[in-house]
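To keep things clear, I will list the structure first and then write my remarks on it.
Should a chain be cited, it is by its letter among A, B, C, D, E, F, G and H, assigned in written order, with residues numbered from 1 in that chain.
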């Protein structure tokens, strides 16, 4: 069983297919997490108690995802002194520009570390970078992950050199 | 002394030079109000107690102004069943587009009635339209206000007809 | 039969699949309504007579939906002193940003309470909040609706805690 | 005295410093005009009677300027079968993007010929091009205007060739 | 055979499925037209000779459609003193915002009367409004068209009143 | 075998279906190229060694494609004094506006010649224009390509004149 | 002397008047830092050696500021496994939207924790939150800072209640 | 006297204060140029003859600057097979986004190498990179320029290390 050090909160279960990428990358790096569905506006108490729980259990940071007006990451950040990482979820009409602005443009005093629109994987990786500061195993895992990413690009390039682009595209 | 029926809340005293226009129009229509500076993120209790106070005193609605991530109107709306009117304050880099999106794109379930960027006067007028539904004096004041607006446009046009545009511009 | 207190107007029957969400939420909260298809530009008389009818029947507010140049909510607001709630309909090329700006950026003097792009459900809820001010039954219904929303989020979260996210996603 | 063939309408006298450029270019091309300040929302009757007057006097087209929600050009176009030319006025927070979208994105059936943001001079020129179709004097004036524009560019270029850019900039 | 009075030019045959709406509405109003595929950049001579032909045949105006950088309407406007009506074609990545800005933001001196993104029908109607100024038959047709639009809206509304919205949506 | 004079680099093999258009047009104009998949962030050494290779082999320019934050073209430009041509790849949420801004807004000192979003074909053509300056065969090929483009437009127009637009659309 | 645990890097000395706010807040919370001016494109070696130095000295994170194409934070993040915090600097024409997109839209694998446009103070605070995880003194300082922010808002509100808004504005 | 190898064209003398930066950097790198003020729409012949002159004199490329609808670079590119470098000039209402889109979104077949908004210096540098391919002196000058840029950044950083940021800011 992995030691839990990250909280993951999302405003709606419709965010889960995106947010799960954060969970998957955390697991693959050896980091346990608690995950909750809680709304900043509809279930403020649930939100608050989850944040409290993260602090009480000595978690290193909280990942919060939301779309549209996307207040959840900011509301979470106001409840805690833990670092909060925000994931703007792609919205329907405005493609997530609304989510992005609502999360990144936080006022002086209450920062939210904002990832790309839909950037759940990077939220997990950034959480891992924070955990890495005090956990050598995670740090080694993270460095290995980086090297794997590098080899993947190199592997694709070698394949391209071997096959040429026409064959490469056909084999995909 | 005017009977109070509207709450006005703003996230920072830097919003006051804009928000005062709501207060002024309410007064001119015979509506009293309570006004508070309170932050959704820094002073959540103050925000909550102000909203509670508005409900307890039988207010008709709450005007909430904020800029940037601008969570305040949505947070207020989550605390109450009173109608909440949001004023997006013009922000520095993004000119209030961030404020507008954060206020207007509220999720299903928690609406905020959004005004134009910087539209404090209209927030006051819209509050007055709600108050008008149950207060005949305010309704008459509001209708008189509308007629005055009409005469002002007509007066300007008559002046333009009389003077022509060159002289009109010189006399401004 | 529900007592009618809200008018709903839309510029085109292509808006109906969105706007019906306002009607449904009003009904579920015990509020009757009149609904009309009328264009600000093509059938100004029909628009005007509908607004007149809403005033004569003592309605509490009018919901107006339109897309693109989206003048209808503003034109309706100019005809009446009742509060007007605007729904920006998502448009084809500009995704409703045109609709949003045309509705929310109303000039000083004629406010329109603007909802999110496609936010018909919230328009119905905001209308209910206005009706609530003078109708205790609706107010109780509205409060119950809020609690139901809360339990729905809590129920989803409990399911997530019980199943974990992999199973949760499979069962959806 | 110039024969009048163009109507000019603006929503507010604050638009006049921009709109006057349309008037000036019409005069310089030998075209008379009527100009009015009238609001689509505050003085609909004045707007309507002005449009009626343009039709009754056999005008060729109407220039309408407005900013923000900018409904005036569309409302005018709905009242008449005359061609309507819209000038989006630069607005404060949104720089006229709101004005532009509200004017140009008119629904099928009621076109408004939209000029650049602040493009009052071009509105006058486009009106002149319409008038030109049935007025040979104006057509000649318009062609002369085009030639003059051409010579101005050529004159500036000759000066640049003669002086070089350092001296050119110093002499400006 | 209809008397020709409008030129229609488009930059690519991929624009034709949109632009044909202009042709259809012109025909339905009794207006003949010439249509050409010609590029501002690839076939400048063809573009120029088409414009020349429109002038020589006494056409009333030219409709020009283009997408992306969308220089064609402006280039056509520079070649002629006839009124030019621009249709911004919806583009792939930028949804026609690029096309719109390139057409509407023409410099002082060379106006293009810009329609909505994809607004080919309105381009045809605006051309008809110009033709109407000197052709009474077209003017009568145009007025009849307006009345038909009005009845269509009224017919839809009557159906809505008769059926209610649930049945209305089912019958669509 | 074609003499190689252009380098093509892309950040991910998901860019290849777009970027291949650059390769195809280069080949059709008689220009050889080297192509590589390399990431600015994950494989900086591979990126650097590819650029070095382009310089050592006397290539004329480098085409670099990337999406989202899209740093690759700028990073490549910082490594070399060869002209660098950037292709912004259309991204998911922001449609390539992010890619475009990241590539075109390079700081003073390190230019990247930016093409349209997804403009791989034009990147190939622009590279060919640079190669043309010192290679007469390529220059002749390029001029022939331009003439072919012209005839294609003319051919389509002739077909349109022959068939009319209804039949043209049916035959497509 | 404060123990150094944060690196601060900026692309140009024109960013310093903004970036200094990060430095000031770090100092006020008892955190030492190293600061450097280094360009991703012009001085890649200096950038790389600074990052190396941060790692070698056991720093907790790096703050990187840049405007326009703003590649610096992403380039820094690619060089290190330390958490990187990005500050988008407000740019001239695009107001920092270009800077924001270039920093926040980093590809999967290399996250940058993005702050608001010009959000240097929040970058400092977020760095402090990371440092807090392993440094109790900083954590206490940070909590005290939060409380001070709260009292400041409360103090302003008390002043507003005491004076009323007219007098409040006069005394500012 | 410098050998001329670059043409510089701008649509209006109001662009000269920006465009001169291209001229200055060319001179400093030992490259002569011809400069002209010519409008795509008002003086198409002048534009065409300038382009012809650039080709006849064996120039390597043409720099074209324009704002707003900004057709000039595309029109120039259509007239020639020389590489064309476009500078989007910052416009009033839309801050140059219109200029940027009109220049960068050129259709397949006619590329324009687009620089940042207002990026005249980089236009000069990119032209120099093209000239460098066949002119060793310019190539050496360009490489020296790059080194100078590097030392400038290093010099600023050394000063920062020596003085600290407070003193650095005071001495600026």
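To be clear about the criterion, contacts are C-beta pairs under 8 Å (C-beta built on N, C-alpha and C of every residue); 3 or more make two chains touch, one makes a residue touch a chain.
Owing to the predicted nature of the structure, the values given are computational and were not obtained by experimental measurement.
Think of each touching pair as a link: the shortest run of links from subunit F to subunit G has 1 of them.
Matching residue numbers shows that A-B is the pair in B-D, D-H or A-B whose interface repeats F-G, with more than half of the contact pairs in common. Computed centre separation for the pair subunit E/subunit G is 52 angstrom, with centres defined by C-alpha atoms. Work out the mean CA point of subunit B and of subunit C, and you get 20 Å between them.
The geometric centre of subunit C is 48 Å away from that of subunit F, both derived from CA atoms. Counting partners per residue, subunit C has 12, 39, 42, 68-69, 94-95, 97, 104-106, 109-110, 116-117, 146, 149 as the residues that reach two or more other chains.
Chains that are in contact with each other form these pairs: A-B, A-C, A-F, A-G, B-C, B-D, B-G, C-D, C-E, D-E, D-H, E-F, E-H, F-G, F-H, G-H.
Of all the residues in subunit A, the ones that touch subunit F in their complex are 90, 95-97, 116-118, 146, 149-150, 153-154, 156-157, 160-161, 165, 168-169, 172. Interface of subunit G with subunit F (complex): residues 11-12, 39-42, 44, 68-71, 74-75, 77-78, 91, 94, 97-98, 101-107, 109-110. If you check the complex, the residues on subunit F that touch subunit H are 60, 81-83, 85, 100, 104-106, 108-111, 113-117, 119, 121-123, 125-126, 129-130, 132-134, 139, 142-143, 146, 149.
Subunit D meets subunit B in the complex at residues 12-13, 16-17, 20, 23, 35-39, 42-43, 46, 68-69, 92-95.
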